[in-house]
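The same chain A turns up in both complexes below, where it pairs with chain B and then with chain C.
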Partner chain A sequence: MGERGRGCCPPMDLMRSEPMQLVQLIIPIESAHLAVSYLGDLGLIQFKDLNAEKSPFQRTYAIQIKRCGEMARKLRFFRDQMSKAGLPPAARSVTQDTSLDDLEVKLGDLEAELVEINANGEKLQRSYNELAEYKLVLHKAGEFFHSALSSAEAHQREQASNQTGEESLETPLLSEQETAIDSSKQVRLGFITGLVPRDKSMAFERILFRATRGNVFLKQATVDEPVIDPASGEKVEKNVFAVFFSGERAKNKILKICEAFGANRYSFHEDLGKQAQMITEVSGRLSELKTTIDAGLVHRGNLLQTIGEQFEQWNFLVRKEKAIYHTLNMLSIDVTKKCLVAEGWSPVFATKQIQDALHRATQDSNSQVDAIFQVLHTREMPPTYFRTNKFTSAYQEIVDAYGVAKYQEANPGVFTIVTFPFLFAVMFGDWGHGICLLLATSYFIIREKKLSSQKLGDIMDMTFGGRYVIMLMSLFSIYTGLIYNEFFSVPFELFAPSAYVCRDPACRDATTVGLIKARDTYPFGVDPAWHGSRSELPFLNSLKMKMSILLGVAQMNLGIIMSYFNAQFFKNSVNTWFQFIPQMIFLNSLFGYLSVLIIIKWCTGSKADLYHVMIYMFLSPTDELGENQLFAGQKMTQVEQSVDGEILFSPYSILIISDETLVLLLLALVSVPWMLLPKPFILKMQHNRHQGESYAPLPDTEESLQSGANNDSHGHEEFEFSEVFVHQLIHTIEFVLGAVSNTASYLRLWALSLAHSELSTVFYEKVLLLAWGYNNVIILIVGIIIFIFATVGVLLVMETLSAFLHALRLHWVEFQNKFYEGDGYKFYPFTFTLLDNEEE
Partner chain B sequence: MGFLVTTLIFVVVGVIACLCARICCNRGPSANLLHLTLIITATVCCWMMWAIVYLSQMNPLIVPILNETE
Partner chain C sequence: MYGFEAMTFNIHGGYLEAIVRGYRSGLLTAADYNNLCQCETLDDIKMHLSATEYGPYLQNEPSPLHTTTIVEKCTLKLVDEYKHMLTQATEPLSTFLEYITYGHMIDNVVLIVTGTLHERDVQELLEKCHPLGMFDSIATLAVAQNMRELYRLVLVDTPLAPYFSECITSEDLDDMNIEIMRNTLYKAYLEDFYRFCQKLGGATAEIMSDLLAFEADRRAVNITINSIGTELTRDDRRKLYSNFGLLYPYGHEELAVCEDIDQVRAAMEKYPPYQTIFSKLSYGESQILDKAFYEEEVKRLCLAFEQQFHYGVFFAYMRLREQEIRNLMWISECVAQNQKSRVHDSVVFIF
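Let's turn to the complex of A and B:
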C-alpha cells in the first residue's frame, strides 16, 4: 500500500490500524505443507483464495480433506461412545508427534474394534434378555400346569373313588368305563406359551377368541416387574400366557397372531422333570452370559479410557491438518515450476517473522529451493488490524460492533477507553454501588487465569470478557458518586462542613424561605444540605442538564477534531478547509456559545434566562436583551436602558451582547453553504485534472494475480457530479440537524442519573428506613433482605445494563458520526489458536 | 478551597499519574503516547465534572428549603 503521510502528530499505539502489505509467497511443493503449518503457528497472514472459481471437488487437495473428514467422523463416533459410557475426555496432554497417516491407521483399527465390541455386546444382551423371559415363562407356566394338574388329579381321584364305590345295578354298562378309558386318549390339546405386552393383552385375547371361534383356552398371569424386551431393549410390562388349542389350523392362526402382537413364544414341556431340568439349565446359562457381558463391558471401558487419554490431542491434530489442507487449496498451483503461489495480507512488522518461518520450513523439509517472498502493490483496501492486549481488546470489540474501522482511519477506541466508563459513571453516580461493582469485577480479575480456561455460559462469558471495562466503570462511578454525594443515596459531609446554614439561630425560616449560604462553597461535589430538601430537584435538574450539555459539546468537539486528524493523515486538504472548519464554526457558534453562557451565568450568578437568550437569538437577534444581559456593554446606553437594574456588572466586558449574538448567528448561517457548495465543485475540478492527464506512468512493480478484476474500479472512475452533490447535501443536512438533536440527546445523561438517584432514594427511605422504624428485629431483617435484593436486581443489574446501553449509544451515534466511516473489514489471519475454541 | 487551587491540584495529580505510568510501564514511544493520552483524557474528564459542580454552587440562585419534618 502506498505511503500515507504521518500528519502533524507522532504515531500512537492503537490510534490507526497497522500498516498492511499484500505479499506473494512462492513455495516449492515439497515444503508447502510444513510452510503452511509454520505460518499457521505464527498467525499473522490472511490468505486470499486464489481458486475461488473452482468447486470444492476440483481443488488439488480434495482427497486429503476427505481423509480428514473421515477421521473427524471417527473421532466424533468415539466422543459419542465416551459420553454414553460417562467418560469425559481428559484435557490435552503433552503432544507426541504423530503423523497423519499413522493416526489414520490407528483410528481405523480402534473404530473397527469398538464397533465389533458393541455388536457383540448387543448380541449377548439380546440373548440374555431372551433367556430371562424364557425363565419367567417356565416359572409361570409351570404354575398353571401345576395347579391344573393338581386339580385334575383331585378330580380323577374323586371319579375313581366314585367309580370304585358304585357297583350297583344303576351303573351303566359300557359308557362310563369307555369314557373313562377314552378320556385319556381324547385329550389332544396343543399349547403355546409365551409373553405378551400387557397393554396388548386384552386385544390379544379378544382376537384369539374370535379367530378360533372360541375354541381356545387362554390363561394369563401377570409378571410383577417390567421385563427388558429383547427386540427393543426397553423395559415393558408383560404377561405370561398359555393358550391351549386343538388342530393344525388353529395352531397356525395362533402363531400368526402371536407374531403380529410381538408376543415372544417359548417352548414348554408338560413333564415336570423336564421343566425342572430346563429351569436349572436356563439359570446356568443366564449367569454365564452375565459374566461374559460384564467382561465385555470392562474391556470396552478400558478401550474407551485409552482413547480418552489421547482424544483431545488427536482431535486437535485432525482439525489442524484439515485447516492446513483448506489453506493449501486456496493456493494456486503452478505445475511446470512445481511450486505453489500464495497471496495474502500481512502486517508490515511481520515481514521478518514470515521469512524466518518459510526458511525453517525449507530446511525442515530438506528442499533444495528456498521459498520466495515478495511484496505486491495493489489498490485494494487492506484489512484492518489492531494489536490489542487483554485490556484494550474489549473496547476495540465495542467499537467494532458498530463498524470495523476503515484501513488506517482514526480509531475512536482510543478515547472510548476513558470516555465510555466516564459517561457510564455520570449516569450511574453512587459510590456505594460503585464499590459493589468493583468487588464483583475484582473477583473476575483475580481468578482470571482459571476462568479463562473454563467454559462459562453465554452471559458469564460476556461479563468475563468485559471485566476491565466494568472495572473502569466502577472506578469512575466511585468518583462521580463522591461528586454527586450519594452513598446508596445517603449524602455525607466528607470534605468540609456544608455551606448552608439557617438564617437565624432558631431556624424558623428553614422550611419556608430556606437556608442561606454563609460558608465557602462545598469543595468537592454537591453540598450535602440539598438531599431531602424541597428545592433539591430544581437545583439538581438545572445542574445536571447544564452538565450534560457541557459534556456533550466537549465530546462532539473532540469528534470533529478527530476528523481533522483524519484529513491531515490522508492529506485531504479539501476536507480540512471545507468540512472541518465550517463544522467547527457551526457547532461552536451555537452550542459553544450556549456553553460559554452557562459558565458565565454560574460565575456571575446572573438571573438571565438562557432559554430566552438562545431562542431570541434566532427570532430577533437585533433586539436588546434587557434583564437577560450577561455581559455589560462598554456603551453606557446599554446599562441605562436596563429595566430593573438587576444586571450585574462584569469587569470583563467584551461586546454588547446583541452585537455578539448577531455575529455568531451570521457565522453559523455562513458556515452552512460553506459546508455544502465548494466541495463538490472542487472534487469535479480535481477529477477533470486527472482525466486530462492521458499519459499515466506504467506500473513497474508487480501487480497481484487478481488485480485484473479490480483494475477498472480505479482506472475509469466515474464521476457523477449530481451524485457527489447529493451526497454532500445529505452530509450537510445531517450535520446541521444533528447538531441540535445530538446536543439534546446528551440530556439522557441527566435523565438516567436522575432515575438512578430517585430509585436509590426510594429503596433506602421506603424499605430500609421504614423497616428500621418498627423497632422489630424480624421486620428489620426482612427489610434488609428486600433492600439487598432490590438494590442488586434493579440498581446493580438493570441500571448498569441501561447506563451501559445509553453510554454506548452516545458513543456510537453522537461521537462517531462526526468522523468515523467504519466500512473496513477485519483482519482474520490463518492461525491454529482459534481451533481450540471451535466446537464441531 | 477555591476554584483555582483545586484546579491546580487536579493538574498536579495528572502530572504525577503520567510520571508513574512512564516509570512503571515504559513500553516504547507509541505505547507511552497512548498511556499519556488516556491519563490526560481521564484527568480532563474528572476535572470538568468537578468544575461544573463547583461552579454551579458558587453563586446559587436557589437555596435548600427543608422539609417540614426535619
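Let's turn to the complex of A and C:
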C-alpha cells in the first residue's frame, strides 16, 4: 500500500487514485471535429474550458450548436407527436452513417410535412367539430321548440276552456308570444341558438340579463358528453342555449356577449321540415368528413412510423454532435486560425490511447499535419479517478457520497468492500434472512444484462445499483447468522450436538438449576442450548457488546494506520510523528487496553468486572483492583516491570498485583499535548524557512505562459499561525473526545443486532407458533401470511435499511474521520457513453 | 405584534417566502444583461436565455423568433410562478397576492375599453392583455357604452368594483374619460392596497407603505407631467393624486398648480429622496425620467429582500420580474430593429 514504487506489495489500483497529468493537445482545425469525436469514444480525457470568459454565442462553434439545438427541437417535436399517436420509438437499429447536414435537411423536410399534415387535419377536424356542434344544437333546440309548442297548444286549449286570461308563473313564454302575436301582431321576437361552455353559462346568463335589463329569455340544456371545442380542439362540457330577444340593439349586444364568452352560434329554423332537412344534410357531411379525417390519420401514422424507426439513431447522432461542438467550444483557437488548442486532464496510462486516437483522426481526415500531444506541468490539484468495475463501483459510490478523495489520498473504498458488508452483517445476523437477501440480489445479478438496459423505478434503481453490495452483505449475514446460530430466530444444531444436556432425563430443573456440560464446546458459533434459556440475553449481550468494542477498536486503529500511509505517501513526517504516533498511543492505551482485557477475559474465563477496571483506572489509578485483577502487573508503579509483555499473559500471573494501568493512563495523558503543541510550531518554522528562500527564484516564465490560468495557485498559501493552532486544537479535542464517543458509537452494532434478533423472535413466537397452537388450518394460514409479511416488510426491508444506514455511519464518521480528507473533485471525462442516460 | 413576526410567520408564510426568494435568485444578473446586450440576433438571445430559468419556456420555439414570442413566454413563466404561489398561499397572503394583480386588471380594462372605442377586434385586444390581470368576463367589456354600463355589466363582479364608486358617470366613453378613469381607479386601488397593508401590520406594513408611497408619488408626478397642456383643471388633477405618500398633502398642492416640467422639478426637489432622481435630469429632458424612476424603484424593491418575515418580498419579486421582462422586451426590440446603440437607454439592471 502506498509503496508501489518499492515493489513489496502488488499494485492496488483502488488504494490510490490514478496518477493524472495535464495535457495539451494542438489539433489542426480540419481534423478537430474527428479528433474530439474519437476522444469522446475513448472517454479518458476531461477538457478544461479555456473560453470561460466568453459567452456561449461568442464562441467559435455557436452556430453549429444552434443548429444542433434546432434539430433537437425537431426531434422533440417528433417524439411529442409520436407519443400523442401512441407510437413508441423503435429500439436503436444498426447505425448508418448519416452526416449532420443530410440529417438536418431530412429533419426539416419531415417536420414541414408533418406540420402540413397536422394543419390539414386540424382544419378538417375543426369543421367536423363545428358540424357536430351544429347537430347537437339542432337536436336540443328542436326539443325546446317542440316542447314549447306542445305546452303552448295545451295552454291554448286550457285557455279556450277557461277563458280567464290569467297568467300563472308557469306560463311558457313562447305560448305567450304566440298569443301576443295572435292578438295584437306585435314585434316579432328574434332568437339566437348556440353552445356555451358550461362553467361560463351562469355568468353568461347573468350578463345577458344585465345587458338587456331582463328583456330576454334564455333557455339552456346540458349536453351530457363533453363536446370537442372547434377553436381549441379540447373536450369541454357545454350547454346548448337559445336566447329570445326583441329589437335590433338587443341583438347587437347579445351577439357581442356571445362572442366575448366564446359561445358558438348556429342558425336554426323554426320550421320543422327545414330542421329535419338540415339534420340529414349535416349528418351526411359529418360522415364524409369522418372518412377524410381517417385517411389523413392513416397517412400521418405511416409518416410517424418511418420517423420512429430511425428516431433513436438520429437522436443519438444529434446529441453526440452537440456534445462534440460544446467540447470544441471549450478549446481556444490559435491566432492563425489554423489549429485549436485543448487542455485537459487525463490519466497517465491513457497517454498512448489518446495519441493513437489523435493519429487516427489525422489520418481519417486526410490532414497534412499531425496533432501535437504534450504534457504540461502544473501545481493545480488533479481530479480523482478510480478505475472501478461493476463490482467495486458501488462501494466507491458509498465513499464518494461522503466526499471525493483528495488526489492520490488513501482510499477507504478498498476496505469498505469488506468492512461495510461485514459491519452490516454483525447487525443483521440471521442466516435465514441472509439467504432471502441473497436470493433477491442473485435475481438482480443473474438478470443484470436485461435490467441494466431498461429503466427502473427510483427505489429499484438504487437496489439494482447496489446489487453487489447487497450480495456481500447477505453472504456475510449468513456467516454471522451461523455464528449467532439464528435462522428466523430458530437455533439449529448444525455443526455438532449441543454441548449441554439436562441433569436428568425429565429435564425438570433445566430452568432453575441449569444444564451440565456433557461434550466438548460447540465448535462454531453460539451453542443452541442458550436459546430460550433465562440467561440467553445476558450471555448474548455480553458477547455482542464486547465483540462490538473489539471490532470498533480494530477499525479505528486501521483508520489511524491509514493516516500513517497517507503521511508516508505525501512525505509528511510531521504528521507521522506528531499525529499518527500520539493518536495510536492514546487510542490503544485506553481502548486497546480494554480490548486486550476482553480477549484475556475470554481466554481465561476470569470473572473480573471490566467496568470496574476501566472506571477505576480514571478515578483512582493507584488503588488495588482486588478480585478484578486479570493479569500480573495490571497496576504497576514502575515502568520497567511492564516491558516484557510475555509475562503479562502467562497463566501464572493472574491475580498478581501491579500497576500497569497507571502507566497507560500517563501515556494517554502525555499523548494529548504531544498531538496538540508541536505540529503548529513546526509548521510555522517550516513556513518561515520557506519564506526566506522564496525571494530568489523568479516564476518560470515559460511554464506560466503555458498554463495561463493556473499560475495564481503557484504562490505559497497565506500562513496564519493562530488559524493553524486553532485548527490543531480542534483536531486534538475532536480526536480525544472522539476516541471515547466513537468507541461507544460502535456499541450500535450490539444494539441493532439485539433488536434484530428480538424482533424476529417476536414474529416467530407470537405469530407463527401462536397460530400453530390453535390447530386450525385457517388460523395457521393467516398466521403464516402475517409472519411472511412481517418478516419481509420489517425484517428484510426496514431492518436492512436501518442496518445499512448504521454501517454507513460507522464508515463515514468513525472510520473515515481518522484519516480521510475527501476534498478532491471527480474526474469527469468527455465521453459519449453517458449521452444515452441523460434525459433533457 | 410588531417585531414578533419571527415567531409565527413561518407557520404559513415560511414555505412561500423560501419559494419567492428562490425565484428571486433566478433573476438575470448584470453579467447576463451584458451578454444579452451583445447579442446579434434574436436566436442569440434565445440561446442565452436557454441557459437561464427561461430555458424550458423557450426551448421548443421554432427558429424565426419574434419579440412578442419571447416576451409572451417570459410572461408565461411569471404567471406560472404567480399561480403556483397563489395556490399555495393562505390568508391573508392570498389576498395580498391578489392585490398585486389588480393593477394589471385596471390596465386591461382600460386597454379593452380604449380598443373597442377605436373599433379594434376583441380577440386581438385580449391577446394584448396582461395575463395576470385577466378575469372571466373581461371580453364583455366591449359591450359597454359608458361608465355606468361598464360598471353595472361587468366590473361589479370583479374585485375592482369598489374602486368604481368615484367615477360612475353616464357620459359616453372617450379617450380623456378613460384616462381619468384609469387614474381614479389606480388611486382607489393604491389607497385600498395601502390600507390593507397597514391592517396587516408589522414589517409588511412598514415596507409596503414605503413601496406603495413611492408608487403613488411616481404616479402623481406622471399625472402632473402628462396633464400639462390639457384641459384638465387643477382641482381635477388634484383629485387624481392618491391620499398618501411622501408628497401628500403639501407636495400635491404644489404639483396641482404646475404648468411646466421645470415647476414640477422645483416642487419635487424639496423632497430629498426624489432630489437624486431629478438632479440626474438636465432641464427639459423628461423621457429619462421614467428610467430614473424605474431605477429608483428597483433599488427599493431589492432592499425589500433585506428583511425577512414580511409579504413585501412577493410584491417586490413580481415587480422585479416585470421590470426584467420589460428589459428583455427592450433588448429584443433593439436587436430585432438593429438599434443596438440604443440598447442601454432603457435597460434597468436589477443586480
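Note that the second predicted complex is superposed on the first by the 613 of 840 C-alpha atoms of A that agree within 3 Å, B and C clash if a C-alpha of one lies under 4 Å from a C-alpha of the other, contacts with A are read in each partner's own complex, and residues count from 1 in each chain.
Here is the rule we go by: a contact is a pair of C-beta atoms (placed from the backbone, for glycine too) under 8 Å apart; a residue touches a chain by one contact, two chains touch by 3 or more.
Please read all numbers here as calculations on a predicted model, not as lab measurements.
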Per-residue contact with chain A, leading partner among chain C and chain B: B
Thinking of the overlay built on chain A, is A:L272 touched by chain B (first), by chain C (second), by both, or by neither? neither
A:E70 in the overlay: touching chain B, chain C, both, or neither? Say first, second, both or neither. second
Check the residue A:F261 against both partner chains and state whether it touches chain B (first), chain C (second), both, or neither. second
So, does A:K253 touch the first partner chain B, the second partner chain C, both, or neither? second
Return first, second, both or neither, reflecting whether A:V526 touches chain B, chain C, both chains, or no partner chain. first
Looking at A:Y500, would you say it contacts chain B, chain C, both, or neither? Reply first, second, both or neither. first
Common interface residues of chain A with chain B and chain C? none
Contacts from chain A onto chain C in the complex sit at residues 55-58, 62, 65-66, 69-70, 73, 76-77, 200, 203, 206-207, 210-211, 253, 256-257, 259-262
List of chain C residues in touch with chain A within their complex: 35, 38-40, 43-44, 47-48, 50-51, 59-63, 122, 136-143, 152-154, 157
Touching residues (chain side chain B, partner chain A) in the complex: 1, 6, 29-31, 33-34, 37-38, 41-42, 45-46, 48-50, 52-68, 70
If we count contacts the way the header does, which residues on chain A are in touch with chain B in the complex? 10-15, 414-415, 417-419, 422, 426, 479-480, 483, 499-500, 510-517, 520-527, 529-530, 532-536, 538-539, 542-543, 546-547, 550-551, 554, 599, 602-605, 607
